[in-house]
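Each of the next two complexes has chain A plus one more chain, namely chain B in the first and chain C in the second.
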Partner chain A sequence: MNDLLIPVLLILLAPIIGGFIYGFERIIKARMQRRLGPPLLQPFFDFFKLADKRKMIVHSTHAFLGIMHFVSLWFALAILLLGGDLILVIFLHLLSTSLLILAGYSTRSIFSHLGANRTAISILCYEPVLILIAVSVFMITGSFDVASIFKYQEALLFKMPLAFIALLLVLPIKLKKSPFDVAEAHQELTGGVEIEFSGIFYEAIYTAKWIDYMFCYTLVYLFGANNPLLGIGLVFFVFFYINALDNSTARVNYKQMLRFSLLVALPIAFINLLLTILQSS
Partner chain B sequence: MADIILLLYFGLMAILRKSWLVGLLTILQVAAFAYIHSTIPGEEGMQFMVDKLSVFMFLLINVISSIIAIYSIRYIDEEDCSVFRKKYFLSILFWFIAVMNLVVSSDNLEYFFLFFELTTLASFLFIGFRKDETSVKNAITALWMNQIGGLAILSAIFTISYNGFGEATFSNLLAHASAPGILLPLAFLCVAALIKGAQMPFSKWLLGAMVAPTPVSALLHSSTMVKIAPFIILRLSPALKDTPVASVIIGLTGFVFVTAAIAALSQDYFKRILAYSTISLLALMIMMGAVGTPISIMVALILIFFHGISKCMLFLNAGVLEKVFHLKHASDMDKIGDAGPFTSFIVIIGFMSLLLPPFGAFIGKWFSIETLGSFALQQKLLGAMVIVAIAGGGAILSLLYFKVLGILIARNGSRDTIKFEKINPFYSGTIYILLGLVLTSILSFPFLLANYFVPVASQTLGSIIEVRTEGWNLHIGTLSLSFVPLLIAFVLFPLTIIVAMFIQFKNVDRAKEYMCGEKIDYSFSSFYFTVDRAIPYFSVIGILFFVALIAVALL
Partner chain C sequence: MKLNFFRKKSPWILHYNAGGCNGCDIEILACLSPKYDIERFGMINTGNPKQSDILLVTGPVTKRSRERLVEIYAQMPEPKVVVSCGACACTGGVFRGMYNCEGGIDQYIPVDVYVCGCGTRPEQIIDGVIQALAILEKKSKELEQSVRLKKEPVKEGNQLNRRNIAGEIIKIA
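The block that comes next holds the complex of A and B.
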């Protein structure tokens, strides 16, 4: 019963925790730029303000897909936290992102369309790497279940450090952080897929991002899963790393991003997979 | 006797169409055939073997092909040709279905050769049906490529008797599974399978088949002709398992899985997109057959089954798009969501049934990664590379499907109501039947898994696969499946997309899209990879794989 309590609580509170992560992130980023930054609760103030706006949509298909993106992402996170199958979790995450892509394609808006194109490309950048990491986990623990990582006596970080590096390389793509924020690219695409959502419907996309934070940091936590202190330390490290990176780099274009991911991140994940295979047999 | 008439016909075609390649191959085949007949005493009586795998194929072939047959009655009526040609077309179609049934039930390799060559002949006649220049050219390409497959089967028969294994039958081959020297005939049969399955250097014939009338593409692609490839591999899988030949096949198909997916991304012609994705998924099926563990055999069967239904639905719809809406290119289809909601709805379901959780390809991709995990423990480097191929290729394929789905789901902001268009009952009726098939097979998927796929797989493999339910988990062999997340995913994704097409929010204002205040003509486009320069290299690598396949078997 106790085993189930923490995951269930985390799942239920996921949007709120994610919101706090986002608020904290804004403060950290501001401090890095020697600004004061907004209050910690600013994401939630924004949330309530958005709920109050006049409801406007382009068409219903588009708005509905946005909402379902949020729901299915939450569902993927729930499976991850409940210790489900890692490959299934990655696929579900992919599918929930693809609902957002479909939403982007469904309107006749240039920005939204370009954003959808680029989101699709970014899936190609991070998904193979994540799957390779998942297979490496299988090589070490002998099971694809997330629960088995918790049962395993050693921390994954020390068993497969290369996988962690590969994850560090693709996480900015997944979280749409600079230098890989091509999918959002506020200056050129004005938010990409997000642009056509507004008011209460934008809320779904907005909160989905918070859930995405939870999802990514849970993946990071898995690398120190059997030792909570190590896990939380890793999460904090990655959090600062991502924000420092976001603040200090300029955006690359999507071709460079694809090249980077396929020529740097994927080979690292591949070598890691080979090493884990050799270790386990 | 029939073989000789067939080969004579091929010879005649070679002279008429002035193709030295076909002529050469025919001469080689005749020589090989004559030699085999002079050295091996002829067996008496027909030799057929019908096991569960054959029955599985019967069911698929006959159900899908008969749906296609009904559809083609209407389709061929709209074709611009004489009444005689129309009747001729339908009669080849029925004859082809009969031949397909014989292919999957023949045990004797000589008969198998005959039926294999008859399917080749059928594809030759089908592809050349429209009689224009490209049709004739592509028909010849299909002929000579598949003749190489025929030649490979003859070589297999020859090597079996040369190495003294006795009769050239599938069952005899499997009985000698671990004997030295068995690899060579196996490798030859696999070459035949890979050619029929249009793997990389031979992918051209299947792409060329796109010029034929649409029911033909559906027939060749979805359920029947190309499925001979995974069928042969599945038949041979107990003997193939853990041999170097299997390793080469796995390497080749892993390579084809990725490259065909990339090639599909570069296409705009709707039927060619489908063709490349067929090649890619066929590669996955063949790979799973060659891996040969209980789970992988089951995955191969699931893929064959679901791919058959989904691709058939997509091709029949491609025909509707072509005949009713005069659309052939994916990039022209961005208004189909408004003009033909029913058609776009069905195409969307078709693509979803290749991609999303409840359906076969999702399960196939998912299970295949999990089985390859265990495979990689034995075949270290190869295993790791194949996993990369599956991971990358899978991502590319889903990119492809979502690209096309995105085009189909696009609609104008101004109109939110949906009214289904009326199309000919022959078209809509067959499509409804397929839709029903898809839906029932999803709803009964756990049942199908335990009572249909697993028995077939266990008989094919010759060992019993354990199935049991424990609480909310279904255990099949070493694999355990949790029902709850799957069930929710089953409901969530397809339903979302279907509902998204019909939902209408009330009391919400409509706004125009944001254009920075500019007035621009909006033209829909998507990303393409240009791979034209890379394709020759793909073919070269594919040929190297085929050479490696024979070389490995010889050593």
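The block that comes next holds the complex of A and C.
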């Protein structure tokens, strides 16, 4: 009973915690640029303001797909926190992203189409790496279940450091941070797939972003799972690493992103997989 | 539940240049820089009309850009306010009366706050936007809703008489 309490609380409070992460991130980013930055509760102010705005939808399927993106992402996070199958979690996350891509293609806006194209390419960049990491976890712990990582005696960070490096390389793609923010690209595409959403339907996309933060930082936490102090330390390290990277780099184009991911991050994950096979045999 | 309070906490800005000389636009971008930092009020330069609350327009409306201006204004969901930045956007400025320009944006869309200056100073822009926020907070829901009129317009001679309709709208609101 006690084991279930913390995951269930985390699942129920996921949008709120994610909102605080996003607000904190905006402050940190502003301080890195020597600005004051918005208040910590800014994401929630945005949330309530968007709830009040007039609803303008392109067509009902578009709005529905946007909401389903949010719901399926929350579901994926729930399975991850409850200790479900890691492969299932990754594919549910893929499902939620593909719903967003479908929403992008369902309108006639060119920017929306471009954003959907680029989101599809960014899936191609991070998905193989995540699956290879999941397989490495299987080789070490003997199970795809997230719960088995918590039961394992040693922290995964020391068992497979290369996988952590590969994760660090693909996380900016997944969180849509510079230099790999081609999918969102606010100066170029003004948000990509989210461009046609407005009012309360944009809120679903906006809140899904917060849940995505929770999802990614939970993945990071798994590397220090059996030692909470190490896990939280890793999460903070990755948080500052991603924001520093976001502030200090310019956007690459999608070909460079694809090349970097498939020629650098994927081989690192693959070598890690080979090493774990050697270790376990 | 009244959510009007949150409107002034997170105003998202859409910036449109209706054929100006770029002077005011650079001052608007200066507002985003560390010295003035309008993000501390929660403002974001979205660039997407469907998600923004404040329309910042610079430049006299050239005949090429007027259709886009009206289109962008129509795409913004209510509640929304318009701030015209600079002498050109307010009155037409030095371009007033030229063959390719109109005298200011208020000939096409309703303007809530006029910010003067050629080019406007960042302090003035921030002040204008803060004044626009007070207007944004007061804008009521009733203004947004479309009104279905029961009366048909009365034809008097060649012209439609709209006076009776106006009286009915005031009664509804």
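Following the convention adopted for this analysis, the second predicted complex is superposed on the first by the 281 of 281 C-alpha atoms of A that agree within 3 Å, B and C clash if a C-alpha of one lies under 4 Å from a C-alpha of the other, contacts with A are read in each partner's own complex, and residues count from 1 in each chain.
The criterion applied here is as follows: a residue touches a chain if its C-beta (ideal position, glycine included) is under 8 Å from a C-beta of that chain, and two chains touch if they have at least 3 such contacts.
Since this is a predicted model, take the numbers as computed values, not measurements.
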Which partner does A:42 contact after superposing on A: first (chain B), second (chain C), both, neither?
second
After the superposition on A, what does A:273 contact: first (chain B), second (chain C), both or neither?
first
With both complexes superposed on chain A, which partner does A:165 reach: first (chain B), second (chain C), both or neither?
neither
Chain B versus chain C as contact partner of A:186, first or second or both or neither
second
Partner touching more residues of chain A, whether chain B or chain C
B
So, does A:55 touch the first partner chain B, the second partner chain C, both, or neither?
both
With both complexes overlaid on chain A, does A:33 touch chain B (first), chain C (second), both or neither?
second
First (chain B), second (chain C), both or neither: which does A:195 touch?
both
Using the superposition on A, tell me which residues of chain A are in contact with chain B and, in the other complex, with chain C.
54-56, 190, 195-196, 198
In the complex, chain B residues that touch chain A
356-357, 362, 365-366, 369-370, 372-373, 376-378, 380-381, 383-385, 387-388, 390-392, 394-396, 398-399, 402-403, 405-407, 409-413, 416, 482, 485-486, 488-489, 492-493, 496-497, 499-501, 503-505, 507-516, 520, 522, 524, 526-527
Help me check something: in the complex, which residues belonging to chain A touch chain C?
26, 30, 33-39, 42, 45-46, 48-56, 186-187, 190-191, 195-199, 202
Can you list the chain A residues touching chain B in their complex?
54-61, 63-65, 68, 71-72, 75, 79, 84-85, 87-88, 91-92, 94-95, 98-99, 101-102, 104-113, 116-117, 120-121, 123-124, 127-128, 131-132, 135, 138-139, 144, 190, 195-196, 198, 266, 270, 273-274, 277-278, 280-281
Once bound in the complex, which stretches of chain C touch chain A?
3-4, 6-7, 9-10, 12, 34, 37, 39-42, 46-48, 50-51, 53, 75, 77-79, 144
